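Paired with chain B in one complex and with chain C in the other, chain A is shared by the two complexes that follow.
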Partner chain A sequence: MTDLRPKLVALAAALAAAALIAAPHVAGEGNLRYVVEIFCVFAFAQSWNFLAGYVGLMSFGQQLFIGLGAYFVFTISNTLGVNPFLMVPLAFVFSGAFAALISPLVFRLRDAYFAISIWVIAEIVRLFIAQRDIFGSVSGLPLIATRGMDRGLVSMWTFYLAALLAFLAVFGLYYLARSRFGLALAAVRDNEDTAASIGINVWWTRFAGFVIGCGFTGAAGAVYYMSVFQVQPGGAFDPNWMVIMLFIVIIGGVGTVEGPILGTAIYFLLRAFFSGTGNLYLMLLGAAAIAVMMVSSRGIWGVFHDRTGIDLFGVRRASGMDTEHKG
Partner chain B sequence: MIWVETVVNGMLLGGLYALVGLGLGYAFGVMKIVNVAQGDFIVAAAFLGVFLVPWTPVHPLLVIVPVAIVSFVFGIILQRTMINRVLGQDQIPQILLTFGMAIVLRNAMVEIYGANSQSIDVGNLRFMGFDVLGLRLGVLPVVILGIAVALFAALHLWMRHSRMGRIIRATADDHQVVQLSGVNYRRVYGIAMGIALALSAVAGVLLAMRGSFTPYSGADRLLIAFEVVVIGGLGSFWGMFAGGLILGVTQLVALKLDPSSGLMWGHLMFLVILFLSPNGIAGLVRR
Partner chain C sequence: MQVLSVRNLNRRFGAITVAQDLSFDAAMGECLGIIGPNGAGKTSIFNMLTGNLKPQDGTITLDGRDVTGASPHSRTLAGLGRTYQVPQPFGQLTAYENVLAAAAFGGKAGDGAEARARSVLDRTGLAARADKPAGSLPLLDRKRLELARAMALQPRLLLLDEIAGGLTEAEVGELVALIRELKPDVAMVWIEHVTHALSAVADRILAINFGAEIASGLPDAVMRDPAVLEIYMGAVIDVPA
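Take a look at the complex of A and B:
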């Protein structure tokens, strides 16, 4: 029996692309801005999901790359007067390059120690930027270049960039996971020794995954802060970004393409309901993460998949987390 | 002379930092568990200290005893009802579980106490000082260093010579094999987490006596604990102590040169040491 899913996914990708291209011409500017935020947060979460669930590297410092991407675009665009929209791919390159630079150091640590070491680096960068006048110190930077541009055009291009990120976060991840490289990543994640024994270069595979994932977070961070025209070190390097990413991925199901889509929807619904309650709402996110870990570490989509056997994309492969739950 | 004083004060602070790391390092050494909520437990213990000080007889410093006892019991309950249930080959569920706890705890403290900065009042002790070899030192920092050293030594000796210490060490070596000798490793893990939290709680109370804290201090506390453990070489007692001293001295010297830098130079020092010696100070000595 041939699996029809790859063709259906390609069809879905084409339909999604068409819908996203049409959207700014249909929706109002206010809605568009809200959608941009949702897409960016989804892209953050999916980049963390890619790192934790596909590369096997859990980071507690992804806010580092959100801030780096944003500050890169703001600083270059403000000082050189370059169109910030053209800088977003470079934000990917810059954040990826920064990840490449720190990886020889942080790869020396494993698991939680790896996770926290990136948080330490995020703190260093935040404290560094908060003291430097060229980065606007604690009060941050405004985005100057877009002031002279047509407002409708700015919001349309911001939307297209965010839409591209969300599109890549679903379909890009799907094709990446099915590729040769994706298989190598899964092998390294599941068992380093076995992966090495079939000729996979463990270090370089993990390194490439780390650079791609962090670069993507950086590009998404740039788009997010471009959409609000202002970046501050306290906000861009806020560890609460990490809380949101973790919540979305854990609730939805780590290591799946579908899980974070579900998680993002739940997150924004919760936020709409509890937006006035401040800390209570953050406590709720934390409690939900605890509950998921106590019940099933595979998240809502993982449990749903186990019960029904439904797998929309057909890329899910066993991760380390599954082994105890099999049977 | 002012520099000598800064370095000495850094070492006094560093001894306390070592104690901050000890709980995290101990839990990791015995159970391979990294309790990401450690920093926020430290802050919660400080709040408990603030609450209990008015009822503490003799001297406010003694508040560390009830706080440590409460934290010990809490650690056992936490380990046995929650963390033990997610342990397995995979580290991720345990790390994310404690991360969730950290978020809940931190925001609950903000909700209850507000974001204001607090500290534990130890009366005159905070302002008392004495002169040694031309250096002016505070009494409180010296007493705190003494407590830290005493706890390091006590834990070391207890692990070495007591029956329970032997059982814990055996469990740390292989928690499957010890079951053959009738040891319930889940019970041992409970005790180990109790000790880890009691140590952290003492550190938290002492930090709150020396300086101030807010419900948000947990992140900084966790990063310090983490750096102490990694610099020390993951599980080496005296490596951790040296790691604490290095961080304390770096921080105070850096704050003198660059007053608005916060913990930045301490964090950088951590990266430098990680770069020079992947296995921390213990790795350097063993080589």
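Take a look at the complex of A and C:
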């Protein structure tokens, strides 16, 4: 028996890539900007989903990496006059390197302590940046490097970068989870002692997952703030980013590729209809998250999957053996 | 050929001694059984063999290599496989994925991991439930999965931690038959409460109490040893020859 799913996903990836490449040539600039925001927020949420649901690390401070990625690109491209679009891959490297640097410290902490430790580091970095003139202190930095460029080109390349992030957040995550490394991550997530007992180096596996997840958040943070042409410490390191990521992942379903896609759609729909209602809107988000959690800890996609058995991006490795029921 | 050599192992937790000058060996194709009452130090000895607990003194040699200070995962790569007394599967993964992970990461090169995982599932009677999440399997299957995961590592030394505990007579019989099949290709150390299961497989038995050896030798001789009988029965009774 051959597993058809990887081939179907590859086909879907090709179609999605074609649609994304064509999009800037058919859609208006205003629509593109909205889609860029959706893609970036989706990438934030998916990076948190990767850490919490695949690596087994629950961080409450991922706004740290949004801010780091954004400030990295703004500072370097403004000071050196480099094309900021070329800096986005380096924002991944920079944020990942920062994650690597704090790992020896934060990995000593467990669960809630780990979660909060990264939040604390985010606050420290925010305060540090807000007091430095080279980072524009509290009022932040504008993106100077794109000023001389063609507006249409800037919006097209911003879209392409955001599209690449969203693409990777779906298909990259799928292939990563199915890979040998993905199997090691799942083993470490489920039971670290047993993982060690089958020869997996638990610390390094978790470390690699953390670096990749945080690097991705950083790249997405860079693209998000490039799309609005300015960054401020209060906004980039805002714990509200964390709330949005949590909302999307919890409501959609943690540990699945599909969950955050659904969660992002629900988040933007709620925002479109209710954001004019001020505090009521935030209460609505909270109520929706609580309602979903009370029904299922695995989110809307989890319930849907249990009821229907549908699993678009399922990463289960089929045994191909003659089993009683297909599980 | 000696696969495992333990020399003068010592470990104390405050006033409690869990290993006192213990020495034992296990050769390829041989099964060493370790028995002792609750609290005798069996689990601690086991944890020192796996690398989860550091001995205060003594050496552990695996295939001629000193692994006394080695981490659990590097011992696995050096040829050690273990089962857990309370099954510890990767709960969200299927039985097949549990065994596949062991085949892919343990020691030998990853190629052929899928085929090895399937053959191990077949041998352990788990084929029919291969694609079920491991967390949802009943106890016997989770015990089998412990053994399957360890087998997929193709270990030189297999450590079994009370694998017969909590099973019915018939289930124990099945498991013992499987363990006997494995025995020729591995050195085995089996810690067990269910002594008749152990006696059916073990070549030698080491009886311990308060971390110290009280008897060792052939299973029959150890089971009749007055010191062993006293611990298990509370008194020396006359055993007809």
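Note that the second predicted complex is superposed on the first by the 314 of 327 C-alpha atoms of A that agree within 3 Å, B and C clash if a C-alpha of one lies under 4 Å from a C-alpha of the other, contacts with A are read in each partner's own complex, and residues count from 1 in each chain.
One rule holds in what follows: a contact is a pair of C-beta atoms (placed from the backbone, for glycine too) under 8 Å apart; a residue touches a chain by one contact, two chains touch by 3 or more.
Given the structure is predicted, the values throughout are model-derived calculations rather than measurements.
Once the two complexes are overlaid on the shared chain, A:Ile198 sits against chain C while remaining clear of chain B. Touch criterion met: A:Ile250 reaches chain B, while chain C stays clear of it. In the superposed model, A:Leu15 makes contact with neither chain B nor chain C. Of the two partner chains placed by the overlay, only chain C lies in contact with A:Leu183; chain B stays clear of it.
Of the two partner chains placed around the shared chain by superposition, chain B is the only one that A:Ala287 touches, whereas chain C remains out of contact.
Using the contact criterion defined above for the overlaid structures, shared-chain residue A:Met149 touches neither chain B nor chain C, since it reaches no partner. Annotation for chain A, partner touching more residues between chain B and chain C: B. Contact with chain B, but none with chain C, is seen for A:Phe60 once the two complexes are overlaid on the shared chain. Chain A residues 320-321, 323-324 lie at the interface with chain B in one structure and with chain C in the other.
The residues of chain A lying in touch with chain B in their complex are 52, 58, 60, 105, 108-109, 111-113, 115-117, 119-121, 123-124, 127-128, 131, 239, 243, 246, 250, 254, 279-280, 282-283, 285-290, 293-294, 297, 320-321, 323-324. Considering their complex, residues 50, 52, 71-73, 76-77, 81-82, 84, 88-97, 100-102, 104-107, 110, 114, 117-118, 121-122, 127-133, 149, 152-153 of chain C touch chain A.
Only residues 34, 36, 82, 85-86, 88-93, 95-97, 99-104, 107-108, 110-111, 219, 222-223, 226-227, 229-230, 234, 260-264, 267-268, 270-271, 274-275, 278 of chain B touch chain A when the two sit together in their complex.
Listing the residues of chain A that touch chain C in their complex gives 180, 183-184, 186-187, 189-191, 193-202, 255, 316-327.
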